[in-house]
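There are two complexes below, and they share subunit A, which is joined by subunit B in the first and by subunit C in the second.
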Partner chain A sequence: MSQSNLNYIKKDLPTSLQKIGFLLIGIGVIGGAGAFLLNAEQAAFNYLLGFMFLMSIGVGALFLISLEYVAGADWSTPLRRVIEFTASITPFLIILAIPILLNMHTLFHWSHTEVVESDKILKEKAPYLNQTFFFIRVAIVFALWTLFYFLLTRNSRKQDISKDQNLTRVNIRLSAVFIPLFAITASIASIDWMMSLEPHWFSTIFGVYFFSGSVLSALAVITYATVKLREGGYLHPRMVKDHYYSLGSLLFVFVNFWGYIAFSQYMLIWYANLPEETFWFLARWQGSWIYISLALIFVHFIVPYSILLSQPAKMDAKKLKFASLWILFAHLLDLYWLILPTFKGESTLLNFVLGLSFPVAAVGGIILLFYFNSKKTNMVPVGDPKLERGLNFRL
Partner chain B sequence: MEQNKKVFGIAALYDSPNAIIKAAKTVTDKGYKNFDVHSPYPVHGMDKAMKLPPSKLGFVTLAFGLSGAAIALLFMYWTMTIDYPMIIGGKPFFSLPAFIPVTFELTVLLATLSTVIGMVTFFFYFPNNSHPIHDTNYMKSVSIDKFGLCIEADDEKFNEEEINKLFTDLGAIKIEKIFFPDKLNVKILEPKFIGLLLIVAAFVSVSTYLHLNKVLYLVPFNWMMDQGRLDVQSSSELFGDKFGMRNPVKGTVARGFMPYEYQGVNEPTSPLSNPYLPTKENLSLGEKKYNSFCSPCHGNLGDGDSRLRGQFPLPPSLHSSKSRDWLDGNLYHVIVNGQNVMPSYSSQLSREERWAIVNYIRVLQRAKNASEADIQEIKKEPVTNVSE
Partner chain C sequence: MNIDYSQELPVVEGRLTLREINDLIARPMDERPNKKYFIALSFTLSLLFIGAISVALTLYYGIGMWGNNQPVGWAFDIVNFVFWVGIGHAGTLISAILFLLRQKWRTGIARFAEAMTIFAVMCAAIFPILHTGRMWVAVVYLLPYPNQHSLWVNFSSPLIWDVFAVSTYFAVSLVFWYVGLIPDFATLRDTTASKIKKVIYSIFSLGWRHSHRNWQHYEKSYMLLAGFATPLVLSVHTIVSFDFAVSILPGWHTTIFPPYFVAGAIFSGFAMVVTVLIFVRKIFDLENIITINHLEKMNKVILATGMMVGYAYAMEFFIAWYSGNPIEQFVFINRAFGPYAWAYWIMVSCNVIFPQFFWIKKIRRSIPIMLMIVIFVNIGMWFERFVITVTSLHRDFLPSSWGYYTPTLVDFGVLIGSFGLFFTLVLLFTKTLPVVSISEVKAVAEGAQPSHNGGDH
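Up next, the complex of A and B:
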């Protein structure tokens, strides 16, 4: 154990990263403010998109941390800090949610009590879809995520100094509690923030759909960051292609999983052909939306699938970086496709471009999180008892 | 005895995965090519230690997976759109989403089967299922808790002493010489084995037959025949007279049926008036029906010149003053009721058809007894329907 620790020399990330991060956030904030001034309604939807982008990545990473503990995986231990940095989005979600909560009535049709009164279906759904309960759910869900984020990462960081093996055991227990809670909270979050945009619509697989995209995009960020950081010499030098291969395989698996779930959702609705379900897909099949629907099949499934299919590709640093960025773009497209059709107003090119400032700010935010986290924490969990085995991991 | 046997190779046993990785690496670096490693479970890092190139098996999987997809899609395309097009759930004949699950399954099926079969034939040299290291102590150990490495005798650098020394230097806990068996027999073709296969096949067939046809036999689905209603001509306890078949309630009128007031009466007291105007369609209907039903006895023109050659009493001419003076209702009455030997035509002719015939008889009557005025009238009109 001590031998491997010697090889890791902590290196701070370059300050240029901080500049890039702030620059992107600056562009995002200015563009976002412009978007709100120009067309507040559309901006609210675009903001939600940026928010969901961050949420899915953060909570996906949090899930991956607990998965490592529960499964007793050691290959991912050398890069667990990268996962933890990615998951550090979660505590900020509650603050980032405030603009959405302020724009409640613009985004969520069901939040208008007078509309619900005259709508039979919404009236039936009102015990769940009402503002008070919504706020309670948001509070509980974010509180749980934040709590588990702090518990898991605090123990992990403590271990760097104390080398206390017992902390791993504690984290395994915490993870075992978190995973079922995650299943419920992630479903609730996906239903609340995205499915309820069309309050008449329902799909029982929607939570799983969100989960697949969430873990996939988290993996994409983690893979990109791991490869980049390893190349820059910020991670342990004994991390090799075999670790890349595992990341590549997981990316590949979740690309497949997303395709499987997305198709399952589509096929059941298409086959049953019930008007109360099909209208959601019809809205995405009209006008220029049809191109995005079709593009999604290629961008989100066929292209990353083909890139990652062969074994050498899953270990190739260049291909992995490309595939990760591609998948992040695909995830944005997916969120765009999920959220924006509900916005029925007129859009101009300027509005569209300004809408992009929210994802830009999100990317800047992730970069800054990495920068600041790396300053106070080791980028390798040097005290983890599984680290040595993890570094020795070979196919 | 050992001297006559041909040497297959020399095998060494090691205690730990680390030792075997080290051994494999050294043996590879020394330039040995024909050797193999045996371990109770997959040892991570072995491929690299042995410098194995990536397996080609993946290409077999890919090729068969893609053919699975193609076969499934083409097959469903052919059955569902060409051979037996059938509308299901109002979807188009070729509806891709419905075909995806089958395509997916067949892709996976062919990909996995071809991988296993490809592995067994290309890498394990099927049907050869025997190998010299089977039934050795070496094999026993590496199937339990030891890790083994065996250098084969056909390797270019094979030299017993050198190898023994190398193995010992690498910390082997036991070294064993492995020989080819006396005669190489392909056990799969042994009569005993084939006999066993036949017995298994017979047993499976018989027991399947007995299970499906005797033990688990289900009566074919015929519950649609069990219905609560009464069958024709059957009795019923429900009614006092035990008749299952009931008369309709008195005065019931069938849908679309117009009852005739003078049914069964000789002379209508006040004959009905004709509700149909002699329009062109009505008359051509009347002509058609008259020619089919009335003309055999009454003649094409109503002269009473029957075509029945005396087999039936000749009817009177329809141009008698009696018939001509009759009201339409009287003619109608004869069609419905019949008259003496003439039978009723109420079951063959609908109400509209009967009145159409009456109208047509009026045409025949007027044509046969045309007045001067009628002739002048006809002459005035241009003749259109005479061919030249």
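Up next, the complex of A and C:
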């Protein structure tokens, strides 16, 4: 099959997707508004949850794009557009962050200057944990991610028409620069948005922990979307089970990686038993939080591990779809476990249900991004020199 | 140089015929060793001899012969142990993890790297066993065995987990290595002219007939072993990191230690593999099989893992400040600017700064510069363990318990001896076994792939 035959792939996704997307966002916005009216403090934490959900998926996907270029992988080239669509979350993050920045004082204990004054440890941390520097960091981090998102995807889209191999070369270089920057910025983002919720607590592995969840959830979105789109005939017919297998393996690897990092963090803090570290886990062991802590082991590790362990399962479309959705739920639970224990106020069932509207809106947003991206971009990077190799990829 | 991205790079350069591959790899085993080989061997044996004398002195007079003191109760013994175990990581990483990732370029280097793993773990074992003092009774406190006195090992100590982790790792690596060797033993059995060798190869090839069924079983068991070996690679250095990190000592207790140690192990292991392969490919004319592309790929891995290690250094430093804990902060300032600052800056420059040269493609592909950088990495990674161990210990919580550790000649002697052991085994290996997997290289040679011209098969 020659390169020119590949050009036919430009299909719009069904308009029903647009309806679903807008519906979910509508539910999310109404529910979210209700949540803010009912209990603004809890709503702010739930908003942060939805925001972190989007951020981790978006930047995880951006990392996966650059990983493909740097590693010289070819199997993922036929589905790179799916990864790019997922990464298109990143430019929106800066706008979505505004409500959080407006609720700074609700979320971040350290943002109260009078509290910092009376707290010896926070006073020492003030050169890092202060509002001005926080805003600067947020701006730099999101600007960098957005910049690299636009550069990488613009070159990829240009290649659809020009078929210029130089663009691949440029993207390889960009990716090689981006990956170390990503390591630094993602660590900063995870410390700023989540670790600093408990400003006294610290853990050197926290950035890696965020990274593992981020890439895992991005992979889950990508896997689900790839399988769905392939079944709907939107991706190339020569994409077969071997490609699924690679996605399944990656999911499996990152399930294990997350388990490894989570275990390392818990094990070392538990064993050393220093009160300055253990209080964070103790807060997640009190009241009903103990059930969520324990559930996390099963939901985030044991269940997806068992689903994806066998070789046939990694190629099975049905199991992959189920595992991806399951992992996304697990990731949400993980973020909930990371963020919500900091909220110390009273909660009702209604508050809890309304809090779910933020992740619902996030899912709607991802669906809409896929819909609108597919309108202006080929679903397959038809000009990529590695595409033929990628389509020929067999185990 | 412009690469055509629509084509995959050939793994084996030049169009070698299968017969040529056979002969090229089997040649060192058929020829008599030359003079240079004996010079090299006598050099490594001398190192080993120095080590033997130092070990004898240690055993006769006790471990008081070492520089260990109060407060530095752990020094060269653990430093060298972690160093060698780290080197032992590249082998199984290359053979198991790269196999699972279907990286074809691993075929040329896997066998050698696996052998180095086994030798490095043997070197590593010397140190903790020596440090137990009367090692002939070490079995009592290292291995749990049923006894009437209910005398049990301390199961809650990561040091005992090390015994299990490292010995399991060693056993699985050995089996993995041997399974990979079976088809090659059979090839050698079929081609050798010597009768004695034929008997030996026949025994070790376990009746291999190159039949379809043989290969089917082989592929399956190789895949399974790779699956087993992968978590083992990670677990070994994770547990080694626990030796330090489960304690409450500032500088040791930090949560990033497990992944950081694993990355460092891969880093140092790859550096050692590159160091040795540079010579092996030259001496045995294997430049077509262990190509410059393979070395470049390994240098990329070194660059990547070097930056991971650099990330961990930076994160440790940042969190030491961020924690607001004055003792934690003191330890890190002391590490970088205290009496052991020299060791710290050797570590940082060798592990983080020098590998940055690998950003440049020309340097990644230049043998002399590459050799220099990987040797720096080897040095740097040894110093990393030295910095972690000694700087965290030498200034205890009370200034009255501050001290300085200086290694003795015996300390150096045992270290030199471990290098002697390692390189002696490497030299013997090159003359007795195929240093590259004959069967695997044949499978990736040009023209061997079933779907070579594209399309489904």
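Here, the second predicted complex is superposed on the first by the 387 of 395 C-alpha atoms of A that agree within 3 Å, B and C clash if a C-alpha of one lies under 4 Å from a C-alpha of the other, contacts with A are read in each partner's own complex, and residues count from 1 in each chain.
Assume a residue touches a chain if its C-beta (ideal position, glycine included) is under 8 Å from a C-beta of that chain, and two chains touch if they have at least 3 such contacts.
None of the values given here were measured: they were computed from a predicted structure.
S.K.: Could you check whether subunit B and subunit C clash or fit when both are placed on subunit A?
M.R.: They clash.
S.K.: Does the superposition put A:187 against subunit B (first), subunit C (second), both, or neither?
M.R.: The second partner, subunit C, only.
S.K.: On the A-aligned overlay, A:121 touches which partner chain: subunit B = first, subunit C = second, or both, or neither?
M.R.: A:121 contacts subunit C only, not subunit B.
S.K.: In the superposed arrangement, which partner chain does A:113 touch: subunit B (first), subunit C (second), both, or neither?
M.R.: neither
S.K.: Looking at the overlay, what does A:165 touch: subunit B (first), subunit C (second), both, or neither?
M.R.: The second partner, subunit C, only.
S.K.: Looking only at subunit A, is it subunit B or subunit C that touches more of its residues?
M.R.: Partner touching more subunit A residues in the overlay: C.
S.K.: Touch check for A:208: first (subunit B), second (subunit C), both, or neither?
M.R.: second
S.K.: Between subunit B (first) and subunit C (second), which does A:312 come into contact with in this model arrangement: first, second, both, or neither?
M.R.: First partner only.
S.K.: Scan A:271 for contacts with subunit B and subunit C and give back first, second, both or neither.
M.R.: In the superposed model, A:271 contacts both subunit B and subunit C.
S.K.: If we overlay the two complexes on their shared chain A, which of subunit B and subunit C does A:395 touch? Say first, second, both or neither.
M.R.: both
S.K.: Of the residues on subunit A, which ones does subunit B touch that subunit C also touches?
M.R.: In the superposed arrangement, which is not itself an observed complex, subunit A uses residues 267, 271, 273, 392, 394-395 for both subunit B and subunit C.
S.K.: Please give the residue numbers of subunit C that touch subunit A in the complex, ascending.
M.R.: 2-8, 100, 102, 231, 234, 238, 242, 245-248, 253-259, 307, 311-312, 315-316, 319, 322-325, 359, 451, 454-457
S.K.: Please output the residues of subunit B touching subunit A within their complex, sorted ascending.
M.R.: It comes out as residues 44-45, 47-48, 54, 58, 62, 89-90, 97-98, 100-101.
S.K.: Touching residues of subunit A toward subunit B in the complex: what are they?
M.R.: Contact set of subunit A toward subunit B: 242, 263, 266-267, 270-271, 273, 309-312, 392-395.
S.K.: State the interface residues of subunit A toward subunit C in the complex, per the touch definition above.
M.R.: Touch list, subunit A to subunit C: 74, 120-122, 124-125, 128, 165, 168-169, 176, 180, 183-184, 187, 191, 200, 202-208, 249, 256, 260-261, 264-265, 267-269, 271-274, 276, 385-386, 388-389, 392, 394-395.
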